[in-house]
Amino acid sequence: MSAFVAIFARELKLAARARAEWLMPPLFFVIVVTLFGFGARPNDPQLAAFAPAVLWVGALLAALLSLERLYRADQEDGTLEQLLVSGTSLSFAVFVKSLAHWLLSGLPIVLLAAPLAAMLGLPAAALGPLVLGLALGTPCLSFIGGFVAALTVGLPRGGALLPVLVLPLIVPVIIFGAGAVRAAQQGLDAGAPLYFLAAILTLTLTVLPWLAAAALRNAFE
Amino acid sequence: MSAFVAIFARELKLAARARAEWLMPPLFFVIVVTLFGFGARPNDPQLAAFAPAVLWVGALLAALLSLERLYRADQEDGTLEQLLVSGTSLSFAVFVKSLAHWLLSGLPIVLLAAPLAAMLGLPAAALGPLVLGLALGTPCLSFIGGFVAALTVGLPRGGALLPVLVLPLIVPVIIFGAGAVRAAQQGLDAGAPLYFLAAILTLTLTVLPWLAAAALRNAFE
Amino acid sequence: MPLLTADPLTVTRGDRALLRDFALRLDAGELVHLRGANGVGKTSLLETLAGLRRGAGTIVWQPADAQPHWLGHRNGLNPQLSPLENLRFWCGINGAATAAIAPALERLQLPPRARLRACRQLSAGQKRRTALARLLLQRRPVWLLDEPLDGLDAGGLALFAQLAGAHLAQGGAILMTSHQALPAPLQARELVL
Amino acid sequence: MPLLTADPLTVTRGDRALLRDFALRLDAGELVHLRGANGVGKTSLLETLAGLRRGAGTIVWQPADAQPHWLGHRNGLNPQLSPLENLRFWCGINGAATAAIAPALERLQLPPRARLRACRQLSAGQKRRTALARLLLQRRPVWLLDEPLDGLDAGGLALFAQLAGAHLAQGGAILMTSHQALPAPLQARELVL
Amino acid sequence: MNWTWFHRLGSPPSFYRFAERLAPWLGVAALLLLAYAWYGGLVLAPADYQQKDAFRVIYVHVPAAAVSLSLYVLMAVAGAVALIWRMKLAECVMIASAPVGASFTALALLTGMLWGKPMWGAYWVWDARLTSELVLLFLYLGVIGLHAAFEDARAAARACALLAIVGLVNVPIVHFSVEWWNSLHQGSTILKFGKPAISADMARPLYAGLLGTYLLCAYAILRRTQNELLLRERGTRWVREQLAAAAGNRDGGAHVS
């Protein structure tokens, strides 16, 4: 319990310390979505058709942004060493760190998605499935991303490897997430893809922290 | 001259050393573009209309990937200190490093763009302006990105700040780059936006290395 | 019954064995000073004993699940957090009482202002003192220290001698490396690699 | 004519002045050993002299555009590159001849195998020896060294004494910090902060 | 030409006192002008024959939009001065104008969106003018974020100055966007020199509003600059004297603690 509080509080404190940092993932999200608006024809009506893809890819990239530092900073300053030697449950620590990552970079995106989607011209009926889908999908991003961050932390220049490893793993989440929005856009039932997302989330939460802990132990060499 | 060779060779060597690293930006580019295929409706004819935005934003994000490490690694191991004390021209070093960054992360994308664009259904007439635009625009990404990387290198957690500072600065490049492709798609002349890109590139190459050098000197504090 | 026995132990780096079938025994109350030329494998040996590096052989702790205190080249301090915050985190992780933090920093004579400053703003010696304060927060019989004297001034060395002496007197054991001679009252068994 | 004069010099960290109106003079052939308790400002002073940190006051080099050799806590070695590659890069940057690299590494007794290994795989002392080898690649009259003895074994200390002695004999000057006593034949002017 | 006034103004204590005297006048003038503009615009001016009452947003939107661009230029120029002459006052002016500019940019966006709903049928369209104004907001936020990330005030100011200067490229894009791209947003009429294409009883309050908003910005920036100066120079004698004087005023000079 005290370990939970300690790890969680530390992550929040670090984000608060670099004062503007917690603002960055949502800001990045907004800017990426804006860039798409720029790249497209002005007033393109087709933008709405692409809104699900743009929003989901934007959310994914915003989460990716802060993943590299999830364990690398701890490895560089020796905190990871101390965690390994101290005999605390590493999978538990991984779980808490991923949770904090979601809170800082996933949740703001869930909250921001609805206004941005409206800006992209998404119909109101699709907003519910979008937000629900992101609420189920962004924790998957944090946990899958955390696992890959653990895999690459020991590598000399793992930073470049990370996004390339994360993206394919994340494809199912994107397919179902964007699928739910598209179904709602076309007046169909968005239930099925959302159930799939919930299933992926359950699997992710239960399995990945253990694998990530193993990866961290291994990465130390 | 020998400084040029030394810095340039070192960057290439480092990329070659982390064997898979030079593969990462293009791979990331391919994956992001593919994700849009997933996020969109299967066989969506509108994909072609959206292709310029997807390709340009993909290129930009792929360049962003490796920017943070451009100076941070040097700062952490003390190489930057040595550069500052040694009295070599810092703006020259910045120029060479940005050039190497472009060679490693920009050029592969220029080469990859045509086949990917064809996959997205871009008409053949638009391929020329796309590739030419990327050839002019990706160096801008490397140089503007290098400037921002220099601005944030001294910061405790500058990594999160970097993309948020780069993206707005890069907007003109995206506008003209995607604009050229769109003009060609519609059978119009793509010359004007490409000239604008060339002008931006000239400005970028001549001014930013000096500003980046000032930023590096400043960031050291 | 020794607190730590490694016999035999092979320490490897890459595909090269640095130490082959090495034997080590650390008794309660004993201070072992590991010496040897640069690159002979002292750091690698300590890391293997701490469980950070895979080695071949048997390492037996007494009791079997004992955890050592580990202090390597890296201090294990987050540069953004102050010494107080870093130690509080460490206590939370290890279930130690935070009440011991202030006295520990006091004992290591970290100036009060430095306790609240982000660690990246501390001098090398101040960081080292903070890292040493961690050893006082929780009683663990075995200390594995890699060059703990680096960066300490004369006062710091005396402090170290005092802490280490107290730990040994309470039945603890220390295995440490240092290229310097150990500070005055400490009596060590030298182990040359 | 001294090689380096700083008079007056104010060294600040954050909004705190560590040293106020400090005066320093470094003559040819002189070795100044900077001493002082942890956190007193030795590292900050050296960084200010090296031009890495803004200070207030006047620093005069002789000749005016002279560049010192600088060696701080960080060795300035890329961890992915070998010692040879790192030094070759350094030579390229500074226009020094690469022919001096092999003799310099030889002189610092870096084992041949270690010269080709990535620096991240070197021991602490091996990295430090590589960083010291850099001082031999180009003649620069002033050396500013922050705790250069850290991590060196007994043989390393003797080597350092030899290098430094030769540099001083050629009319160079050294300003260095160390919490240890300097190795045997070196004679230093102590400057206590 | 005699430059001593310039150097005197550049020194923090004299600038502080200069601002202390000037700011109240600016504040009062801004208030009066804005009061007239809003009353004239929201009550007196006739409804537009096409837009009905919706056009009245103009009295907030146009001044806010104009100021958002001008303040960015001010910020970048102050930044350049700070870099070139290492002038502390210019650093403070630059940092002071960033949040003011960001607020007015946000206001221009917000009022534009509210106006867009009745005019274009949507709060937001991906139009060059609108998007580049959004980018302007990001640039302001970038400067603010970068400033917050540094510890050392001078290093922060120099870094922000460099960023602000590079970001200057966006300003002409915002301004000329309506000419360079075919845009939904209307072209320059009011902010153009020459004969404006707007009726006089609509125009008068608008110009008053513009001037009032500029004065309000000047007021805000002066005050923020004063704050920044106090913060930067805390520990110097003139700041202690200022603070002592201020404390004396507040307590009616009755006691000294």
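Chains here go by letter, A, B, C, D and E, matching the order in which they are written, and residues are numbered from 1 within each.
Note that contacts are C-beta pairs under 8 Å (C-beta built on N, C-alpha and C of every residue); 3 or more make two chains touch, one makes a residue touch a chain.
Here the structure is a predicted model, which is why all the values come from computation and not from measurement.
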| item | value |
| --- | --- |
| Between the pairs A-C and D-E, the one where more C-beta pairs touch | A-C |
| Chain separated most widely from subunit D, comparing mean CA positions | E |
| Chain centre separation in whole Å, for subunit B relative to subunit A (CA means) | 24 |
| Averaged-CA centre spacing for the pair subunit C and subunit B, given as whole angstrom | 45 |
| Centre distance in Å when subunit B and subunit D are each reduced to the mean of their C-alpha atoms | 37 |
| Averaged-CA centre spacing for the pair subunit E and subunit C, given as whole angstrom | 57 |
| Sites on subunit C at which at least two other chains make contact | 73, 79-80, 118 |
| Residues within subunit B bordering two or more other chains | 14, 17-18, 76, 155-157, 161, 164, 167-168, 171, 175, 221 |
| Contacts with two or more other chains, residues of subunit E listed in rising order | 128, 131, 135, 138, 141, 145-146, 149, 152, 154 |
| Of subunit B, residues touching subunit E in the complex | 144, 147-148, 151-152, 154-158, 161, 164-165, 167-169, 171-172, 175, 208, 211, 214-215, 218-219, 221 |
| Parts of subunit C lying in touch with subunit A, wherever the complex brings them together | 50-54, 65, 67-68, 70, 72-81, 85, 88-95, 118 |
| Residues on subunit D engaged by subunit E in the complex (per definition of touch) | 14-15, 54 |
| Parts of subunit C lying in touch with subunit B, wherever the complex brings them together | 79-80, 118, 120 |
| Subunit B partner contacts - residues on subunit A that touch it in the complex | 14, 17-18, 20-21, 24-25, 27-28, 31-32, 35-36, 38-41, 44, 46, 49-50, 52-54, 56-57, 60-61, 65-66, 68-69, 76, 155-157, 159-161, 163-164, 167-168, 171, 174-175, 178, 182 |
